[in-house]
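Both complexes shown next keep chain A, but they swap its partner, so chain B is in the first and chain C is in the second.
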Partner chain A sequence: MSKVRIIRLTVLIAGIYFVVVFLIGGIWKESLDEKVFGEITPVYTDVIRVIALFAIGVGVVNIFMVHTHRIVRGRPNWEHSIVLLSAFIVMFTFAILKWTGTQPEPGQPYEGVAGLFDYVVTRIMVHMNSTIYSFLAFFVASAALRAFRVRGLESAVMMIGAVIVLLSMAPETAFPFLFEVRERLDLWLNTAVFRALTFGMYLGSITVALRMWLGIERSALFEAS
Partner chain B sequence: MAGTMQRIGHKVFDAIDRVNYRVVYIALAVSLAAPFILGHWEATPKPRAITRGLYDTIEECAETGKPVFLLNSWIMDSRGENQPQFECLVDHLMRRRVKFVMLSFMPDTAIVGREICQKTEAYYKEHYGDDYLQYGRDWLMIGYRPVYETGGWQIWVPNMKTKGIVGSFSTDYMGHELTEYPIMQRPESALQEEAEKRAREGKAEQAEGEPEQYLQLDDFGLIIEVHYTAQIAPWLTGLVRLDKDFVGLDGKPKIEMASATVNMVVNQMLPYYDSGDLCGILAGVQGAVEYSELLQDKYGTGPSRKDVSQRVNPYSMGVLFVLFVIVLGNLSMVWKTLHERREARGGG
Partner chain C sequence: MGVLTGELFVLSITPDPWFLRFLFLLFGCGLVTYLVLTRKGRHIHIRRIPGLDKIDEAVGRAVEMGRPVWFVPGIGSLQDAGTLTAMGLLEKAATLCARYNVRLMVALVSPVLVPVMTSIVREAYRAENKLEDYNEDDIRYLPGGQFYFAIAAMGWMRRERIAASMLFGAFFAEALMLSETAQQLGAIQIAGTQQAMQIPFLIATCDYVLIVEEYLAAHAYIRREPVHVASIRTQDLLKALMMVLTVVGVVSATLYLTGVVEADFIERMVEDFIHPGRWFQGG
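Coming up: the complex of A and B.
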């Protein structure tokens, strides 16, 4: 059997399982739930765990191979690779120390060498992550000046809505009535529109899922190279 | 005079149109930093119904003694909005001594969330004595669990529903057995309720057996998800499909569910609130401020108050700045259009 057929067959069988669980599971609930969630799902969960762990393992090996090669051969930006591998090794060591170090009383923070991992996460990583995401605000501000222009009736309606929502998002603004207006917009207009969007979105998802399940989706996964 | 004004206007709007993006960035940075330099100011918004819904449900849990399941799965990228929400919620739960179990699908949030809980606990212990709150009795952290460990988004809720908390996650964040903690014991009322239900359904052999001893998903009075996306949908689909008794005669879920999420995705959650699937939503940092206001009104200042009110100022400044540049950009466009028309008519 060719590789493509094996993939198609696996997808088909896995798809049947989910159809049984999520669509007709409710009808024969009493008998099915114990079987599905008591016996089959734990096996499925274990398979997912094994695959995920393999993926992580492959990822780690790949990172080491790629970046070691880069450093050894002195390719462009090899300095970045040193930082990446050093950070990886340091965090891995701290995690081991946390595991093997003195464990605190339940509910108490880790201290000493065992607390190094938490220290790096809360004092360095957290702030770096927040900083990177906060850059978005600058792009939004720049785009707001150049792109958010009222060029017609539709964009005017959108702009009025945006202004109301933006003003009501700053609790310090001196327009308390805007909060009421926004609440109405949210619960009346937005809810209706979003429901319609969600229906459309899920119909699209079902179509794609069906195509993949039945193996008629033309993608790299289902075609022989 | 009109000619001079026109020339000045033209120069100003032309400059705005061609302004270097670095200038915009610096102006925004100054706006965001202003509250830190000039000092913070209190924001006192009127709490919306979506915020009050969550607040009231926690109050109800305090009255009935039902525990709360807190899914703490935001990321550091959304810290500006999710952290104040999380702080308010933990403050309220600990202040009212509502038992809660916390789980995180994000490694860094698990640690930050734990620190916040420990700080809040220390605050209340200092004020009301050491016995006021206790880890394992009043709150518990399952800690970080990768989603794949639980079988993925669609599976882990039904899994937990079938296997219970102890069956799904055997240890807490330190690796101690969950069964060691008193919070994991089912309340007497839940045991009684299950025994009655079994007897009512006529399952003789099950009615004779012992009801599950440890906490089940059904025993929770409220499930709160603090998240950076609209992830509550898997909860709903998983729970509603799994348990025919889950939805009451009024069509609403028997276990209340609430979401605390960033402002950007609140729109996706509102249909669930409208249909009664969610009892409340904390919408961004604004929701946190409203929640903090409710806490302040009833119980006075708590440990979360200062941080929440400080975080909202830069956020508001950012929002107002964006609004300001939108208006500026549009004024510039309108001016230019009028100018071009005037020139076309030969009015120079």
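Coming up: the complex of A and C.
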């Protein structure tokens, strides 16, 4: 049996279980829910977790192979590969040290080398992450400037809506009447549009999932050799 | 009234399991029916999606400018519907880039995606007999998570001065960072996501945006095989049903609130709509 067929068959069999649970779970026999679905589902989800872990493992092995190859061959920017692999090994080591370290009292930090992982995460990574996130304000300002250009009827409507929302955010005494207008724009128009988009998203996701499940999605995932 | 509005709210957000089962079976029946019809040769019209038609144009522009095409399949996981759809679009972009000798740069947020996306791009180059042009260094895993990915991706985009940007998949706050950077570089941009919250940001910065279900139908739109056409048609059928139910809900709520009909009548009607399970139980 070819690799592609194995993938399709696995997906189909795995999907059938959930469809059966969805269709007859909770409506047929209580014993079926408790004794069959209740016992099989946890095992099933464990199997899915194990497969997902294997996928992560394959990804990590792939990263090591690609970057080791780059370093050995001295390809352009091979120095970056050394940084990536070093960072990976260091963080992996710190995580192992934490895992094997002495469990602290609740609310207390890990001590010694076991605390290195938390130190790097909370003292370095969290702050760097917040810094990058704060850049977003400048990107929003820059994008808003372009979005506010009136180039047609649609952009004019959008701009008027944006101006109303912006002014309504001012202290209430400045534009009290706009507060209610903004609320109606938000609750009536915006909510309706987002619900329509949500309908589309769910239906689209169901379609993609169904095509995948039945193996009729002739995508690269199922066709690549 | 509390009961009525509560039921209507439930109808739109978390429908009764029986209603979901009914929709699921309807979807299955619709898919089979349309599949049979399309296989028999019946033509089913699918409206144009300009954003997808412009993928060729974006690659063409990169050819003219002699600069790379940039592709990000979102920051979702492998099982995300957006990522699965992005794989089909990556295949198309890679095929065009291989055909016209344009460099394709792919940025990935998860190591799990690396073997899959690498395989897709390599197969596309192989199919075009351009395997010698395939460069695995252009498919990069940018580690660290959402914002580390964003900052590394922005740096890479700026260094290589991309000519076309394609952002397809699940995006969150980093969507604006990536699209705004491409905008500043003057790149033609096509984006598609199922994340409704990111649509306004993408519309503000990109040339073409595939909105939610347009995006999820993208691969089917490109392939146009009977099964794809049938699935899109079935999706439309269900959407039409949703629209009818929405109108019924709005009209019935308005009639009740204006006192035209009694609350009891509306409640019974709503319950009959969203609890078809009672039909089977003789309720």
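Keep this in mind: the second predicted complex is superposed on the first by the 167 of 225 C-alpha atoms of A that agree within 3 Å, B and C clash if a C-alpha of one lies under 4 Å from a C-alpha of the other, contacts with A are read in each partner's own complex, and residues count from 1 in each chain.
Convention: a residue touches a chain if its C-beta (ideal position, glycine included) is under 8 Å from a C-beta of that chain, and two chains touch if they have at least 3 such contacts.
The shown structure was predicted, so the numbers you read here are calculated from the model rather than taken from an experiment.
Check whether A:P106 is in contact with chain B, with chain C, with both or with neither, and answer first, second, both or neither.
first
Just checking: does A:D118 make contact with chain B only, chain C only, both, or neither of them? Give me first, second, both or neither.
first
So, A:V58: does it touch chain B (first), chain C (second), both, or neither?
second
Using the touch definition from the top, say if A:A137 reaches chain B (first), chain C (second), both or neither.
The answer is first: A:A137 touches chain B but not chain C.
Would you check which partner chain A:F179 touches, where first means chain B only, second means chain C only, and both and neither mean what they say?
Only chain B; A:F179 stays clear of chain C.
On the A-aligned overlay, A:T45 touches which partner chain: chain B = first, chain C = second, or both, or neither?
Only chain B; A:T45 stays clear of chain C.
According to the stated criteria, A:M201 is in contact with first (chain B), second (chain C), both, or neither; which is it?
second
Following superposition on chain A, which residues of chain A contact chain B and also contact chain C?
Of chain A, residues 22, 26, 125, 129, 132-133, 140, 142, 144, 146, 194-195, 198 contact chain B in one complex and chain C in the other.
Hey, which residues of chain A end up touching chain C in the complex?
19, 22-23, 26-27, 55-56, 58-60, 62-63, 66, 70, 75-76, 84, 87-88, 125, 128-129, 132-133, 135-136, 139-140, 142-144, 146-147, 194-195, 197-201, 203-212, 216-221, 223-225
Of all residues in chain A, which touch chain B in the complex?
Per the touch definition, chain A meets chain B at residues 22, 25-26, 29, 33, 37-38, 41-42, 44-45, 48-49, 51-52, 103-104, 106-109, 118, 121-122, 125-126, 129-130, 132-134, 137-138, 140-142, 144-146, 148-150, 159, 162-163, 166-167, 169-173, 176, 179, 183, 186-187, 190-191, 194-195, 198.
In their shared complex, at which residues does chain B touch chain A?
Going through chain B, the ones touching chain A are 16, 19, 21, 24-25, 27-29, 32, 41, 43-46, 48-49, 75-80, 107-108, 111-112, 114-115, 118, 121, 134-136, 139, 141, 146, 148-152, 154-155, 158-159, 161-163, 172, 174-176, 181, 237, 241-242, 244, 263, 266-268, 270-271, 273-274, 284, 286, 289-290, 312-313, 315-323, 325-326, 328-330, 333.
Along chain C, where are the residues that touch chain A in the complex?
12, 17, 20-21, 24, 27-28, 31, 78, 81, 84-85, 87-88, 90-91, 110-116, 118-120, 123-124, 136-137, 141, 143-148, 150-151, 173, 176-177, 179-180, 183-184, 194, 196, 199, 201, 203-205, 211-213, 215-217, 219-220, 223, 225, 227-228, 231-232, 234-235, 238-239, 242, 277
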